[in-house]
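Chains: A, B, C and D, in written order; residue numbering restarts at 1 for each.
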C-alpha cells in the first residue's frame, strides 16, 4: 500500500477508470446491436448474403462434368469417389459414380480448384445437420451418364450454356497459376453480384 | 500462524473447464487459494497432424495446416507454403506475397482480439470478450469474402495464394481499419486501463528476459519480457521489408517487466501496428499474378529446411524433411504455445488459483497448437 | 393491519367468536404469501430477463427476445425448464445438508421483505429495529452458501463456499458501518422512521446530506454488491475459475433457488440503499386520497430501487472480477477505514448542525449533477468516436 | 556469424566428436557424436563468441535405418543460428538430455520420446506428453501400425462410400 499518496492514487485511479469504463458500456446501450438473428428474423436468407467464394456444401453440375478426375485426385481425404469408363469406340467417358461424403469433407476447396469447367463447386449452403452419417453422402449419379466434352466449335451447347457460364465464372475466381490477372478482377456477372453485395442489415464497418 | 495445520489439496482443472482455452488439463496442488504447483497435462487435442503430413502430399497438407492453429490459420498456411517453396526454390509473385501479408495481418488482428477478449472473460468481464469477438466477426467477414472461409482459411497455396483480392475489397478493408482504431481506444477505456484489470494482471507471473529465452518463449510473450526480437523485422520473410512498423516491447510500467499485464498490452499494441502494416500493404499492393506456376504433383528435391514465421502466437518454426517423393518425409512444427505451456509449471508456483487463469490467458496458449 | 383485522372481527367477518391471535396469524400469513408471490418471486425472475437484455445491449447483442413480447416471458420459460430438469444429488454428497442449503438461501432472501417499506402504509411490520433486522437476516445467505459448498463434496464448490463466507462476513462490517451515519442523523432504526426523516426532493435525501453520507452510500452500495456475490465480487461462483463455485453440483429447482435468491437480494439491498439514502418512498403530497398517495409512493420506491438494480446490472456488464486478496484488501484497507471516518465525521457533523446543513446539501447535489453531466459527456464522446450506428430504441 | 564458422569453432573444440558437416544446403548442419551432445551444447551456450542461448527447435526424424535428433539453435545476443544433428540406432535409441543446458528442451524431448521413442537420460520428467500413458508403440516411426482399437474404442471409421472403381487409390 505504501505511502498515503499511493493510497489515494489507487483510490483515484479506481474511481476514474471505473467511471470511464461505465461510460463506454453506457454508450453501447445506445448503439445498434451487431447480432444477425439467424435463421428466422432476417430480411433475406443468410445463404444469399454470403460471398461468392464462400465454401459451403459441395455441388456438382453433372451436365458439364468432364470426368477428368482432377477433383478426386486433389482431395486430401478421399471423400470424393468417381468411377468412369472410357468407351473406346465413341471416345466418350461414361461416369457411373459420383459420390461425395459430406461428413468427411473439410470444405478446403482443393477439389473445385482444378476443375476445368466449374462443375464441382462450393455452394453457399451450409446447413448440413442430419440424423445419420449415411444421409450425408451425396450421390449425384443414379444411372451412368456421358461426360461433358468441350466442343471444338465456338458454339457451346445451348442446353448447358448457362451452367458453363456460371461454372467458368467460378473458375475465374481462382488464381490461375502464373497468369497475369489484372489487379482488380473483372466485375462479376449480374447473377452473382447479388451474392457478393452485402444485403444483410449488418452494420458495415466504417459507414 | 506456524502452528496452524493446513492440508494440501489436489484439484483437477480441465479438460472441461471454462477457462482452459480448449482442452487443457492441469493437476493443481493448492494450499487454500495459493497454488503449490500446477502440472499441465496436454494431448487432449492431439490429431497427429505431423503424421498426416507424411500421408497426404504437399498440396493436400495445406488445409491441414489450418488445423495446427485454427485461431490464426493464415500463418500456418504461410509457413507451410514458405517451407515448400524453400525446398523447391519456387519464387512467389510479388502480388501474391502482398496478398499473403494482408491476409496474415488481418488474421493477426483477429487472433489478438480473441486473446484480449478471452483475457476479459477469464477475469470475469464478459463485455470486453463480446466486444472483441464482434470486431473479430467483422474481420472474419472480410476474410470470408477473400477466401470463402471464416476459420480454416486454406487461402494460400505453394507458390502464392488461391484467390486474388475481390473487387472492392480493398476499400472495405481500409474502412475497417479506420473503424478499428477508435474501437481499440474504447476497449482500453473499458477494460485494459480499468483499475481492477491492472490490479489483476500486473505483477502476475513475471518472466525475465533471460528466462524467457531459456524457455524459448516467442512472439509477444518474448517481447513482453523486453527481448527486442520479431521475425518479421529481424529475419524478414515475404515482403515485410517494404513496411515501416514498430515492435512494441514490454516495459514493466505496471509492475514487473514481463508480467501478465505486459503480455496483455503487447497484444493491444500489436493491433495498431498490424493495422499500420495493413494500411501500407493495401496502398502499395502491386499488380501482377498471385500464384506462381507449381506442378500439381509437387516433388521438391531431397533435403530439409526450417522456416520461421512470426505468427500471432510468435515465432513458429516449421522443420520439413523431403526425400524427393511427392510426400514429405517428416514435418515438425515448433509452436509458441507448446513452449509457453512448458513454462506454466514453473510459473504457477505461489500463484493463486485465479492467477492461473490469468497466466494461461496472458501466455495465449491455444490447445490445438500445443497438441497438433 | 392489526386495526383493519380488528375492524373485520368486530363486523363478524371471521365468525361469532374469533380468536384474535389466530386471525392475526392468518392475516400475516396471507399478507406474507401475497408479498412473496406477487412481488418477490416475480421480481426476482423478471429481473433475470431485464438483466440479460441490458447486458446484451451493453455487449452489442440482442438478448432473449423470442418467448413472449420481446422475450418478456423468458423468465417463465427458464423457470419451467429448471423445474422440469432432473434433480441430481451427487452420490458422495451429504444429502440432508445438500437439500437444506437452497432453502436457507431462499429464506435469507424472503425474510427481509417483512420490513420492506413500500409506502407510508404498505409495510408488513414496521419494526423499531427494522434496519438491524434487515442486515441480520440477509447475512443468513452465507450459511446456505457455505452449506451448499460443503455438502456438495466437490473441491471447487468448497472453495466457492469458503470464499463466500470470507467475503460476506468481511463486507458486513463496512456495510454495517455505512448504515450508522443515517442512524446517527435520525436517531431511529425503524425503516419508516428513516424514510420519514427525509424529504421527497433530492436535497433532503441523506445521500446529499453531507460528504460523509455520500461516501457512506457508495460504500454501502459496493458492499451490498459483495454481499450478493455480484460482479465485481462474484468470486464464490467465479465461472472462469471455479466452474460455478458453490452451485457446481446443483441442478433443477435447487439451482434455481440459488439464483432467484441472488437476484432477489439485489432488490433487497437496493431497497436498503433507497430507504437509507435516497428518500425511500417519499413523494410530494399531491392527492388527499390515501390510496392514491400509497400507490404513488409505492411506484416511487420501486422505480428508485429498479434504478439501483439497473446500476448493479450495468456494473456487471462493465467490470472484471477482483482477486480474493484484493477483495479482502479493498474491504479492510479501504472500506472499513473510510467507513469509520464517515461515522466519526457524521457524528461531528450532527453535533455542529443537528438539523442538517441546507447549504452543504445543495452544494453536494450540485456536485452530483455536475458529475452526472460530465458522465453523459463521456458517454456521448464514446458513442460519437466509434463508427457504429446509433440506435435508441430500447428493444429490437 | 555464419553457420560454417560456428561449425568450424565446434570442430576446433571437439575434433573427434563432430562426425560430419554438411554445408551445401539451404540450412547447413553438423552431425555430432551422440555421446558428446550435452558437452557440445554446453560449449555452444557458454562460449562468449557463440552464446547460443536458445534451443529454438528440437525434433526427431525416423530415417528407417536410423533416427536423427535435430537441434535448431539460435542466439538472441548474436542473432545467428546453427543446426546440430545426432544419429542414433533405431533399437533403444537413447541420448543425454540437454535439459540442463536449455530448459525449453524439457517438453521437446518429452515429445520426441513420446512420438519416436528416443529416451533422454538425465531428463527430469521422462513421460509421454501427447499420447496416453499406455499407448503402444511410437507413432511417428515409419513402421508404426495404428492399433484398430484403444480400450475398446475403435480408432477407424469405415468409409461409407463404396468405390465402384477399385483400381484407383
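Everything below uses one rule, namely that a residue touches a chain if its C-beta (ideal position, glycine included) is under 8 Å from a C-beta of that chain, and two chains touch if they have at least 3 such contacts.
Predicted, not measured: the structure shown is a model, and the values here were computed from it.
Within the contact network of the assembly, the step distance from chain C to chain D comes to 2. Centroid distances built from C-alpha atoms place C farthest away from chain D. Counting C-beta pairs in contact across A-C and across A-D shows that the higher total falls to A-C. Rounded to a whole number, the gap between the C-alpha centres of chain A and chain C is 51 angstrom. Chain centres here are Cα averages; for chain A and chain D they lie 40 Å apart. Per-chain CA centroids place chain B at a distance of 24 Å from chain D.
Taking each chain's centre as the average of its CA atoms, chain B and chain C sit 44 Å apart. Shared interface positions of chain D, defined as residues touching 2 or more other chains, are absent.
Within chain C, residues 58-61, 317-319, 382, 386-387 each touch two or more of the remaining chains. Multi-chain contact residues of chain B (touching two or more other chains): 127, 131, 134, 178-179, 186, 189-191, 194, 196. Applying the touch definition to all chain combinations yields A-B, A-C, A-D, B-C, B-D. Every residue of chain A that touches chain B in the complex is listed here, in rising order: 10, 13-14, 17-18, 20-21, 23-25, 28, 34, 50-55, 73-77, 106-110, 113-114, 122, 173-185, 187-188, 196, 202, 204-207. Contact residues on chain B toward chain A in their complex (touch as defined above): 56-57, 59-64, 66, 95-96, 127, 131, 134, 137-138, 141, 144-149, 152, 154, 157, 159-167, 172, 175-176, 178-180, 186, 189-191, 193-196, 198, 285-294, 296.
Every residue of chain A that touches chain D in the complex is listed here, in rising order: 69, 72, 78-79, 81-84, 96-97, 99, 101, 103-104, 133-134, 137.
Note for the complex: chain B touches chain D at residues 42-43, 46, 48, 50-51, 86-87, 210, 213-216, 227, 229, 234, 303-306, 308, 315, 317, 319, 321, 329-330, 332, 334, 338-339, 341-343, 346, 371-372. Across the complex, chain C meets chain B through its residues 55, 58-61, 155-156, 159, 163, 231-232, 234-235, 238-243, 317-326, 382, 385-387.
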